[in-house]
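Dropping the structures in below, format is structure tokens.
Shared between the two complexes below is chain A, which has chain B as its partner in the first and chain C in the second.
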Partner chain A sequence: MADPDFHDHVADHADHFADHPVRSYVITSGRARPSRNTIRPETLLRVDPEVPVPVSASRRTRELLALCRGVLSLAEAAAYLKLPVSLVVVIASDLVDSGHLSIRSGPPRHALPDRDLLEKVLNGLRKL
Partner chain B sequence: MASPTPAPALPRRAGLLISVVGVAAYVLVSPLLFGDGLDGTLWWVAAGVVAVGVVVAGALTSANTARDHDAELNRLDDRIRDLERICETRRLTLENLVEAQLPALTTGGAVPPMPDPAGDEVTAAVITRAGAQLARVRDDRHARHDAVQAAVVTLGRKVQSSAHRIQEEAARMVHRHPADADVLHTSMRLDHAAAQQARNAQSLAALCGEWPGQQWHQALPLSDVVRGAAGRITAYQRVEVSGDPGVAVSARVVEPLIHVLAELLANAAQSSPPTTQVLVSLRHVQRGAVIEIDDGGVGLDDVRLERVRDIASGRRPVGLADLGEIPQTGLPVVGAYVRRHGFRVDITESVYGGLRAIVLVPTEMTEPVALSGVLTHALTRRPDPLPTREPITSGTLDPLDAPPGVDLVEFATPVLSSGESTAPEPPSPRPRSDPAPARDPRPDPEPEPEPYAGDLPALPRRRSRRTEALAGTVDWPGEQPEPPQSAEAAGQWMGAFLGATTTDMTHDLIRDITHDATQDTENR
Partner chain C sequence: MVSASSEPTPYVPATVAQSVKILVVGAFGVGKTTLIGSVSEIPPLRTEETMTVASVGVDSLAGLDAKSTTTVAMDFGRITVSEEVVLYLFGTPGQRRFWDLWEGLADGAVGALVLVDSRRLEDSFEVFDQLELRTGMPFAVAINEFPGAPRYATGQLREALDLLPDTPIVTCDARSRESCAAALSTLVDHAIRFPLPAKASV
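Presenting the complex of A and B:
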């Protein structure tokens, strides 16, 4: 996950450390706590295409919205944005508040495949 | 002064004649008056002749002496003139030393020429000695100045790198505790404090004419440059950025520009009431990109404003030694960068009553905003090209298509200035196996490509390196190799994967697997 583009020469050796000129506290105006506590790293996010992106949105916000055009977990979005998960939680929860993102917490029960199918999958996998 | 000698000569001769005639008359007349015989008369005559002789001798002697005196006077006059000349030369020399050489020494300005000794050997010797002394003092001062600067730069670098280390550790801390808001909060506070420390240390180095200790390796959008600058001042929450001209700043000047803007923002935040916003507006103009920073302060009077403008625009260099007892490093740092990198900075009165700082980043230092690294990464990794991808390519002016020797900025400029959404055809288009754009030179404030908005699968799939090699897919120039995936990332991917069981893709996958398994079973 080390960003090869934006890094300090000091941090060449660094693992998992990506430096960026725009610091995290600037992105969220110093807020570290999300406005809602329902968003977990595995929470699935999806952008609402009906709501227009606000003019004042920062690049990171736009990037997050662009990434979530499909359904994407928050942790994965954070990995793509090379931002800490806890920071993306703050950004995402703001976007959920403003209606730009919607949460899909987990698979709906009715959509789960039935036991028969799962057993077939298991058998199939064993035979591979 | 022309010839003073003849004037007293005539009366002296006249005096001599009168005295001789007087004495002779007395000698000739006195026997007639007082004499009583020839003997007495003879005696009188003899005495008179002697007297006349004595007088004549005396007169002749005195005439000689007078001539000698005249010569002496002439000599003295000459001597006086010589001395006056020497005196004048030495006075000029002294004046030059006091009024030209010494001030030049104290201010460190250009060395004025030494005075002309005008043939006076003593003066010449003094001038030579004084010149040597001055040169020694000057060299000594330079050496000490250099030593002090080197020490300040070294110390500043140490402080700066320790501040960067603090920032790095703060970032690691957040990555180690990805779900903890408290850790994020602490990290933000640490990061902010360290960023200001690093800025102050970097200001010291900049005042000593040194390049900043930090460099970025990629062009940065102008709005991010301003946000990066805001992050280095205390009141970063008061900075309000408006406008995103879609221009990026070349990697080379990213750090200097961030530092310049940080100092200007710090000044603006400091000189306006703490509850007001510092307004920053970004614009794209024909000659580059413009950043305007307005404060809500009370402004400056004309004299001080002129002085501040001189310093900020780099016209008046201010070094470490000129800062005074209450050092104000902000504008001198701005001036130092302006002189070095060729931004243009001006400070005028703001319409809000305070000051407005205007920074022009020339076109040579700007680039079109590249497609965000995140998006290129996500999009170029997509194995099967979507048909909607074509419009992007046709509308894209890829700098890599520029013929060799053509300046990339010039190459892209017509597109930038015309502001058209469709770019002209590249001069020598190269066939492409993969049409995804590496850069998007259009000044489009929306960095994300709309044509991708369609039916993206839920999860961006990664190409395996092996299939990539087998398929002979060309890696994009400039694209970084995919970093080795960590267990953490894999876990996240898997978590997301398992969470997304309702997506069509997963159903397809399950169907495929079961189908294969059934086939296998049937075949056996």
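Presenting the complex of A and C:
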């Protein structure tokens, strides 16, 4: 059971991760689902510096906006904020709707990435 | 594992406009995080999700409810493969009870690299079930060659794992950057040569 990939005990991580159900719902104003479904863990986000942070922004919102001064994926932002991906999707969706965050990478494809993109990935991997 | 807050955030280069992902899947302790760490340009990051899961099989304990809340850790890494494209590698637990976690992950993925420990082949059966029955994603198999693990011929492995003739099987050392990059290349090459129709319903 001592597996480095996996942890089965919420209690072990309670101090590190703010993913207790109650707190998560407080952070997202009670919502479990995002306002849009175009944000995936690998979606690249960046703050729009022209749009001022709303005065009513919560601490988590401010932290996310501060983090996204450069290009970062949603998963990276979640990891740095120590929040579950599903929760950061909700916060980020609101910020995309309000124009504070822009989605840098194109909308995720339900189909496989196109051949041209795959070729770029393959060429990059072969250079490693 | 997560870098200290005093360190600057390693941002994706500003020229990058597209992101893709590969899932690195496999059983407990098979070396997913090691592989990701070997090829990632950033130290592997971890996110955690709380999931309600059905307790089944060997994980069930007498007297516990059939469902319980579990924290699932997902480690991931990043490779900027060109000026415009960044590749993310998401380590995903393969057990049946975590299949719901795959819902948002499998969507749009290049494919999955299935990491297998040749001493515990049977641990990966559930992973193959998931890939074949639920995702329709291209996948390749990488045998992580642990020291002292038995070495099988590719044909034997293909038969033992009940894999199609087209499914690539490679050996790799999850600690080696070159070896892991080669295994990932095999998967991407496979995805290019054998394009699968997108999953019908999501």
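Everything below uses one rule, namely that the second predicted complex is superposed on the first by the 83 of 128 C-alpha atoms of A that agree within 3 Å, B and C clash if a C-alpha of one lies under 4 Å from a C-alpha of the other, contacts with A are read in each partner's own complex, and residues count from 1 in each chain.
Operating definition for what follows: a residue touches a chain if its C-beta (ideal position, glycine included) is under 8 Å from a C-beta of that chain, and two chains touch if they have at least 3 such contacts.
Since this is a predicted model, take the numbers as computed values, not measurements.
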| item | value |
| --- | --- |
| Which superposed partner A:44 touches (first chain B, second chain C, both, neither) | both |
| Superposed model, chain A: greater residue contact from chain B or chain C | B |
| Touching partner for A:73 - first (chain B), second (chain C), both, neither | both |
| Which superposed partner A:34 touches (first chain B, second chain C, both, neither) | first |
| Which of chain B and chain C A:115 touches, first, second, both or neither | second |
| Which superposed partner A:97 touches (first chain B, second chain C, both, neither) | neither |
| Chain A positions touched by chain B in one structure and by chain C in the second | 1, 3-10, 17, 19, 21, 24, 40-42, 44, 67, 69-73, 75-76, 78-80, 82, 84-86, 106, 108, 111-113, 117, 120-121, 123-125, 128 |
| Chain A residues within the chain B interface of the complex | 1-11, 14, 16-19, 21-27, 29-30, 32-34, 40-42, 44, 49, 53, 56, 58-59, 62-63, 65-67, 69-73, 75-76, 78-82, 84-87, 89-90, 106-108, 111-113, 117, 120-121, 123-125, 127-128 |
| Chain A partner contacts - residues on chain C that touch it in the complex | 2, 9, 11-14, 16-21, 28-30, 32-33, 39, 42, 45-50, 69-76, 78-82, 84-88, 90-91, 93, 104-105, 107-108, 110-111, 138, 177-178, 181, 184-185, 188-189, 191-192, 195-196, 198-199, 202 |
| Residues of chain B touching chain A in the complex | 161, 164-165, 167-168, 171-172, 174-175, 177-185, 187-189, 191-192, 195, 214-218, 220-221, 223-225, 227-228, 230-231, 236-237, 242, 244, 254-255, 258, 372-375, 377-378, 446-448, 452-453, 456-460, 480-481, 483, 486, 488-489, 492-493, 495-496, 499-503, 510, 513-514, 516-518, 520-521 |
| Footprint of chain C on chain A - complex, ascending | 1, 3-10, 13, 17, 19-21, 24, 40-44, 67, 69-73, 75-76, 78-80, 82, 84-86, 104-106, 108-113, 115, 117-126, 128 |
